[in-house]
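Please find the structures below.
You will see chain A twice below: alongside chain B first, and alongside chain C after that.
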Partner chain A sequence: MTKRLASLLVALVAAVGCARQEPSAPSAAEWIGQAREAHAAADRAVAREDWSAARDALRRAWQREVPAAVGADDRRVVRQDLAYRLAEVELSAGAAEDALRWAEDGLREGRAEDVFTGNLLVARGRAREALGDDRRAAQDYFEALEINEALLRRTFDEGAPPEGP
Partner chain B sequence: MTRPIALLPILLAAGCGAAGAPAAGTTASEQAVPAVVEPTAEEEQLVSGYETDVETLEADLLSSFELAEGPDCDQAGELRDRICDLSERICAIADRHPGWSDVEGKCGDGRERCERARDEVAERCGEADR
Partner chain C sequence: MSDDEPTEEELREAEALVRALERGSAQEALPEDALETAALLAYSRDGGALSDERRAAILDDLLANAKLPQPKSTRGPSWLAWLLPAVGVAAAAGVALLVVVTAERATPPAAAGLPAPPPALLTAQAAAAGGTRREAEVLGERMQSYRGEVYAALEARYPRGGAR
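Then we have the complex of A and B:
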């Protein structure tokens, strides 16, 4: 799990943790916590190259219902990171078609100029390349490159000293 | 260099305290119009030493602010590496398919963007990050 996602999950837990919930409604904090646990379980499984265990942990998190209290963009980010991890696991396991499917499922959650969409484009490019679809793989890599370039510009813009009067 | 920065408030407080505190053995009216007293050679030497300290501390303080407001160079370095890695992936595909002008175009474009990212990170974060 990326440091960025870990920070985001902490922030999300803090933001929605106190939200009032109906007793029967799924808790947003619980959902986010489960996603975080799935990433941690996948990390452990990947470390011992147990692709099946990694896949199961991430897939269970993916299949959980998203609570209504979770905002659209937060939902996208959490689910895109799960789909990206699943695609990476499938690529490691040599299952390029499954990797492609996960990358596409993740991209169907929406698109933004951020690391989550960029990662999915790279994963889809790798899957397509493995399947021999080189031209579309190059297109995915190029779109991911453009996103990373925009993120680099943003990094410098945010770090720029404030302008004088 | 953190020690001089930590000393700055102490020096400032000491300086302010000295300026505001009434000297022992003076009345309120005497304090209102301070007498001009010539410093001794020893005091002049002391003041000169403090001036050097203050200049050093001021430079340290300014550089601390510059660092705090600067870009996140670790992140910038990671993004530059990703841009360059992706451009090389595209070029590897172009090399495998010599007639694909669209991919060749993306390869050239990607390499230019990689170079720009390298230059920008080097310029903003220093040559060591190149």
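Then we have the complex of A and C:
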């Protein structure tokens, strides 16, 4: 009887302890680190043309919740770069529709006159081209080149590196 | 001491009577018959009328000592007297809580300050727009090194052990 009571008490204490344990959200630094590791894993997988492994690593990073402490533009930069890479992996794997979806998901994160938005426009243009939508592919390339020209102009006209990506 | 000369007691009573007639009120015990006589004499002199100075003095005395009714407050119901400060204290507490909560949440840093893309990356991007598959791969390769710089900047901006 005493043994039973003791076991019950131990189980109760353990249950209360588990219930009180809150899952800890990743810090901004952890989230950044996880995204960086996903790129490194994708690099290794792409090198051996393992598109599935590359896709999985990048998609896990994409699905992670962004900590509130991450600035909106930093969030956009990180997620757009992940989406660009996912689109490129899908294009390499011959999955143009998936590539188009990833490029559009990335562009929904926002637009900026920077390399990351430009890359997504290039990737979307390539996906559309692969799907036979040449007209809209040309529009994407044109938009990408507008951004690219602005970045180059800042680089060369001002004689100094442009601010930001 | 002869009968014609006043006694000390009579002198004290006479002085008290004079003071009583001057002030209009008796401060100490006086012989009642003398007081009545003095009052009749004073009345026969001016019919009991009050002089202007005397009237002003009485009025001043009344105003100084009377418990006048307080004018009714026009500032609103009495419950407002405690409700308004209570609301003020609650509002101040709310503002303080907001400040504390806001301070606890890390302010997202601005995205500015990431490294500039090198010209080689930009030319690769221009070539990849409508270019061949190989040109797209070159863009990917150039991005790899630039990505390293961007992540190094982000890691410096969000150090380990920082806000969640």
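Assume the second predicted complex is superposed on the first by the 132 of 165 C-alpha atoms of A that agree within 3 Å, B and C clash if a C-alpha of one lies under 4 Å from a C-alpha of the other, contacts with A are read in each partner's own complex, and residues count from 1 in each chain.
What we mean here is this: a residue touches a chain if its C-beta (ideal position, glycine included) is under 8 Å from a C-beta of that chain, and two chains touch if they have at least 3 such contacts.
In this text the structure is predicted, and so the values were computed from the model without any measurement.
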Practice problem: Label the relationship between chain B and chain C on chain A in the superposed model as either fit or clash. | Solution: clash
Exercise. Using the touch definition from the top, say if A:A29 reaches chain B (first), chain C (second), both or neither.
Key: second
Quiz item: Between chain B (first) and chain C (second), which does A:L152 come into contact with in this model arrangement: first, second, both, or neither?
Solution: both
Exercise. Using the superposition on chain A described above, determine whether A:V122 touches chain B (first), chain C (second), both, or neither.
Key: both
Quiz item: Residues of chain A touched: more by chain B or chain C?
Solution: C
Practice problem: State whether A:A144 touches chain B only (first), chain C only (second), both chains, or neither. | Solution: both
Practice problem: Please indicate which partner A:R135 is in contact with in the superposed arrangement: first for chain B, second for chain C, both, or neither. | Solution: first
Quiz item: Residue overlap on chain A between the chain B contact set and the chain C contact set?
Solution: 118, 122, 125, 129, 137-138, 141, 144-145, 148-149, 151-152, 155-156, 161-162
Exercise. Using the touch rule from the top, collect the residues of chain B that touch chain A in their complex.
Key: 66, 69-72, 75-76, 79-80, 82-83, 86-87, 89-90, 93-94, 96-97, 100, 102-103, 106, 109-110, 113, 117, 120-121, 124
Practice problem: Please name which positions on chain C make contact with chain A in the complex. | Solution: 105-106, 108-117, 119, 121-123, 125-126, 128-130, 136, 139-140, 143-144, 146-147, 150-151, 154-155, 157-164
Quiz item: Along chain A, where are the residues that touch chain B in the complex?
Solution: 118, 122, 125, 129, 134-135, 137-139, 141-142, 144-145, 148-149, 151-152, 155-156, 158-162
Quiz item: Okay, in this complex, where on chain A does chain C touch?
Solution: 24-30, 32-33, 35-36, 39, 43, 67-74, 76-78, 81, 84-85, 88, 91, 114-115, 118-119, 121-122, 125-126, 129, 137-138, 141, 144-145, 148-149, 151-152, 155-156, 161-165
